[in-house]
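Look at the two complexes coming up: subunit A is in both, with subunit B in one and subunit C in the other.
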Partner chain A sequence: WLNSAGSSFCSVVGDAEHIPDHRINHIIHNGGLYKRPFNEAFEETPMLVAVLTYVGYGVLTLFGYLRDFMRQWKIEKCQNATEREEQKDFVPLYQDFENFYNRNLYMRIRDSWNRPICSVPGAKVDMMERVSHDYNWTFTYTGRVIKDIINMGSYNYLGFAQKTGPCQEAAAKVLSQYGAGVCSTRQEMGNLDKHEELEKLVARFLGVESAMAYGMGFATNSMNIPALVGKGCLILSDELNHASLVLGARLSGATIRIFKHNNMQSLEKLLKDAIVHGQPRTRRPWKKILILVEGIYSMEGSIVRLPEVIALKKKYKSYLYLDEAHSIGALGPSGRGVVDYFGLNPEDVDVMMGTFTKSFGAAGGYIGGKKELIDYLRTYSHSAAYATSMSPPVVEQIITSVKCIMGEDGTTIGRARVQQLAENTRYFRRRLKEMGFIIYGNEDSPVVPLMLYMPAKIGAFGREMLKRNIGVVVVGFPATPIIESRARFCLSAAHTKEMLDTVSLSSCLPSAHAC
Partner chain B sequence: MDVKNSPRYLYWLFCQFELITCSYLMEPWEKVLFYSFNLAMLGLLLYTTYVCVAFQASSAFQFTCARVSIENKTPKNVKIQSLLFS
Partner chain C sequence: FESCLPSWVLTGAPAYHLILEGILILWIVRLLFSKTYKLQERSDLTLKEKEELIEEWQPEPLVPSVPKDHPALNYNIVSGPPTHIITVNGKECINFASFNFLGLLNNEKVKSAAQASLKKYGVGTCGPRGFYGTFDVHLELEERLAKFMRTEEAIIYSYGFATIASAIPAYSKRGDIVFVDEAACFAIQKGLQASRSNIKLFKHNDMADLERLLKEQETEDQKNPRKARVTRRFIVVEGLYMNTGDICPLPELIKLKYKYKVRIFLEESLSFGVLGEHGRGITEHFGINIDDIDLISANMENSLASIGGFCCGRSFIIDHQRLSGQGYCFSASLPPLLAAAAIEALNIMEDNPDIFQTLRTKCERIHKALQGISGLKVVGESFSPALHLQLEESCGSRENDVKLLKRVVDYCMNSGIALTQARYLEKEEKCLPPPSIRVVITVEQTEQELDKAASLLKEAAQSVLN
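Take a look at the complex of A and B:
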């Protein structure tokens, strides 16, 4: 039944022709699940580009074999990790594809990653200059600091990564009151009144009954999913879920089944099979079915089809775990995430998880939901029992930024920032598309992946943008499929239109004149 | 058409070649090896083309020359009569 309701009018996939706006309005007001157009596109790789990418990888592989041969026969100095002489007759440790890729391809372009920055990661950042004299095997610092690099890589969606302003002043005040360390876990002596205040505020912000905050976003996922599901439960996880969700799912011991990325027909098929056939050997019904999705997928820039997922969840009586790491604060007219973006009821999502790292300029994660769920997690979560609780200045930064977004500090700065981010997103995506780049993802997502495809372009793009004082994050294998490497821009409310113009113009030049 | 032949355009084409074949990432001695291999292959290809095409072209030329000379050898009145009767 979802074929007619959801997917027939909403998504623009591949090179399908664009439905004119007046038709979309008529279709949407005819009682569909979506209240607004859902424009998501993943343009297919052009055949010539795919062939040339394979040619490039072929050449590098041949040279990789040549270099490995030279290293083995001692013609060239071996600088990578190898087994000791005594272990050479045992099972070889470094002969698989990952290590071959690491030695021969990753090392050549390694200077685009792990760049050390030495200022607050706002719209502009300072970076320490690094040179390598032996082709990226070792680096030395020249001592110079490159100032005012336009920062397109930090997850600073609302611009709260600042060293001046009300957030910083409040955090400094709390630092002088409470100090920096908590020295205990949440369940022992580490439960401060600041944590209680934060949790009530987060629950009010999300529109749920109760919330709990943890010190680390990755640990929130990986330590709480094992507390919620166990053996005899089924987890339906999206193809492109984050490593923390995958780790949590594997640690729980439940059966995991993967559905295609954002594909509701695939999810429905899996749900139907799970209900009809039950557990594999015994055919008993599953104890719990948990659907794991993310709000915004950071490598693709796509937004989850939440209305359809909630409709499916209600039909098949399963539970929904929504990871809003990148979407909280960044989507929605009032910045309350993907639930607000689609205009849905927050109580429909059973477990709302998010992080404070991205839009709030702090660190940590939270889980929101019904009071019984959160009380259960307070007792049974590994993170609550063993991990140190959040540091007080960080808590105060989150409290101040959440109040700013909600407008409770008496100003309209928060609202203005959310609207500025939406404007920046649409403007930047439109500019890059006009220039002819292939951009993945949804029109409204502030994560903009620009496809590069060829391995030499990964290194060239990163280096040339740094020469023009712009810092971008380039991504290749294994974070993406091997021919789909990309540069990922993370927009911020702190970026001005001039900065975005500079970045979009400069991104033309490296692919044109890189050398 | 000047923009097509300008040295800037040629430099851009060379840069595209370097990016596609990943010689942008190679160390200088690897680049020397790669380019010399490519030039050797290109030279071989051109030589083979020259030999093959030259042979085919010369044989085709000889064939057309023989045809034209046969045409020239038939007397003109025979030709006019054949034209009148057709």
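Take a look at the complex of A and C:
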């Protein structure tokens, strides 16, 4: 069917007989809101693949029950850690069923995750070799180091994960001057001059009045959303929001309603219903409405439809909280994130949140916005009153990398990296599509999910790529829907064209083709 | 045709039976064709009315405005490192406010270990532990912590606050019961809120009150044994309380644990590296077998002068957090330079076990010296390095108390002793402690400096409060 309303997916369902091109492409120029084409595709799962995936999970579940049965009747040795003898009559700490997935499915392919590395997480990384003699229940390190693995898993979008260079030198200087820790909170004795410098710089970078920085990106969300909204407020959150946004929304005590992923009709309907009908049962009007969206969704590779969200927010007088964890530094002609990418005014976004872990090679998070907002957060944020402030060398790394991206250090390295990342993204996505893989997400997003679907392929893909010296991230249930397991590539400005060619060619061999 | 009909029709059913069935069939037909109506009078608003409502609705401002002189708004600006001699707001002072108990913030060996790590790994880890964010330094730190605390396994978090706030919800879910002390710190309160369990507060350090609650729970269990068999129970206490400076009576808690079959989670942020002969915390202080405590959680931001936190215990318990600790799975790992700094700090702690006794002597000295200040009372144990000075008599409102204490703090700062008030979020705390001045004792403070601080506080109290 063809939906003629401007802002929804157009899907042309091909006939089953001839090879259907299920590409769901979507270019909209919705009333001039978008200044550039917005290409996002989420190709539908082929029927045969879906059936085979369910069959695969069914077989695994049956085997799981069989093995549990054998373990219970002591036919097979139980490798799990167990409760203490003295505490055997306590209420069991874990329900048996909770761990079914863990014991029987996750344990089989556990070696695809938690891979230990021993060098800087740049474009190439060294990994410690580990083997398992009992099917992944325990690991031993052989002592050998696998060198120069192409790193497609670390969030190193602009290549600032370096062990040499101006950022590292500045951080080393600050480390010898200030030390590693701070030992106090921001409101007590932990507010260093470095923190003030960082916040002014971040505010300038984002184009907002004022900003505040925190020690952990996850905690930035989970500790500040409760400070902004409370009981009697409404939170409209995207389906696929990150765990930190969900936790922050839950801790705030506000009512949460979910709209379909990146679907503006769903959001508009919720907004209309909320204002017209008010709070459930009492019908009192809502105190405020907060829309939670992310810049780039890390599992789908999709970019938020920011112009439409801002238009809706203005029409319905609600507030927008934008989590730019993956998009800051990675999108936009000058690397200033999704607002820059769409050419919008940063003042339209009420709360601009982001993290320093991905594009800046450091750790921590920030919130930027109007001066009243930041003053309020300085007084009432949970993190300012109870959590230790950021470590000085980490702060210095952020300051140097932000200056580099803005071009204030006198070089054009920052600009070159932003452009290199955009080129790498376009090239890599085009190559993989040409080879016939199903790739989700927006054409301009440096997060590239490659669909695998079947459970066996998750483990096989990870292992085969490692044999060819490429490190990839594979994800399955519960981070993704059960039949949509995927391999996720995170591109970096540090990747060269040769590396990308190697990776795309190697992907063909482990038979990860779409259908 | 006749064979299709049921037998009783042919033989002749009683007349009332047929009439009843006829009525039923007519009723069904009527219901099928009648208009459906909703139970609630959902007002069918016209489009115009809806648009008017949308026009008229005015939200509150996103944040209320904060008065310019709010005590928590204007931060102290520290220029340079927050070490023993600290420059606050331009004045050089002796630091009595940072939790740098063992003086490791400025230690050269710690800094050079961090430098070596910086040269090898850069600053950030660019990923969570599951996706190429596990470095060999993290594995080494976890092993060292487990060995130091003499437990099977340890797990590290990249943020001290997130440690206990992620650990509690990983085990305690909706329907479980948690008994927690009233004076528990904010991180524990957030962890409990995220877990959605039933929270039962017992009076601070009052074992009789806790036993009463446990007995009540026992009688509840007897009414519903099936539910009781699957409801997990936990007690959450701190080793050295941040808000009151005293320690929990751990031996009695262990007795209650085995009597009522409750698990104990111990939060040792202040007592790790302070209590005990080798700095292993309150279990060493009381001489208790560490396996009796189910989970010990601490942050590395006090004694170890780094950033982050860790949990340690048996593998059976700790391994679960690797998949269900939210702050562990969904967040980037600790920067390697901070992990290397923590490892070196642990080395120093293991090599110099006499610093703990030195710290304790200094704490006792200042505790004695601060007794008898008119207007201020000392709250905290004599060996606690983080004390509170509260007003003996409140002057009516919390706001005025805070203003008064600020004047005392300013007097001391002007004369070269850096102090701070203990900061709380007044509306968010479950049991808000009274306003107080925080006094922190570190190993680097000399005896003259301790005496100077005590006499300065006496002077300040005299001039401001009288």
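Rule of thumb we're sticking to: the second predicted complex is superposed on the first by the 463 of 515 C-alpha atoms of A that agree within 3 Å, B and C clash if a C-alpha of one lies under 4 Å from a C-alpha of the other, contacts with A are read in each partner's own complex, and residues count from 1 in each chain.
Just so it is clear, contacts are C-beta pairs under 8 Å (C-beta built on N, C-alpha and C of every residue); 3 or more make two chains touch, one makes a residue touch a chain.
It should be emphasised that the depicted structure is a prediction, and the values quoted were computed from it without experimental measurement.
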item: Touching partner for A:Gly56 - first (subunit B), second (subunit C), both, neither; value: first
item: Most subunit A residues touched (candidates subunit B, subunit C); value: C
item: Contacts of A:Val131 with subunit B and subunit C, given as first, second, both or neither; value: neither
item: Touched partner set for A:Ser383, first subunit B, second subunit C, both or neither; value: second
item: Contacts of A:Ala460 with subunit B and subunit C, given as first, second, both or neither; value: first
item: Which of subunit B and subunit C A:Asn114 touches, first, second, both or neither; value: second
item: Overlap of the subunit B and subunit C footprints on subunit A, listed as residue numbers; value: none
item: In the complex, subunit A residues that touch subunit B; value: 52, 55-57, 59-60, 63, 108-109, 135, 454-457, 459-460, 511-515
item: Touching residues on subunit B, where the partner in the complex is subunit A; value: 11-12, 14-15, 18-27, 30, 34
item: Of subunit A, residues touching subunit C in the complex; value: 81-84, 86-87, 89-95, 102, 106, 113-122, 125, 128, 151, 153-156, 160-163, 167-168, 171-172, 175-193, 196, 215-219, 223, 228, 242-244, 247, 250-251, 272, 275-276, 285-289, 316-319, 350-351, 355-358, 360-363, 372-373, 375-380, 382-388, 390-394, 397, 471, 473
item: Complex interface listing, subunit C residues touching subunit A; value: 45, 50, 53-54, 57-66, 70, 72-73, 75-83, 86, 88, 95, 97-100, 105-106, 110-111, 114-115, 118-127, 129-136, 138-139, 158-162, 171, 185-187, 190, 193-194, 228-233, 258, 261, 263, 291, 299, 301-302, 304-307, 314-317, 319-320, 322-323, 326-327, 329-332, 334-335, 337-338, 341, 418, 420-425, 428, 438
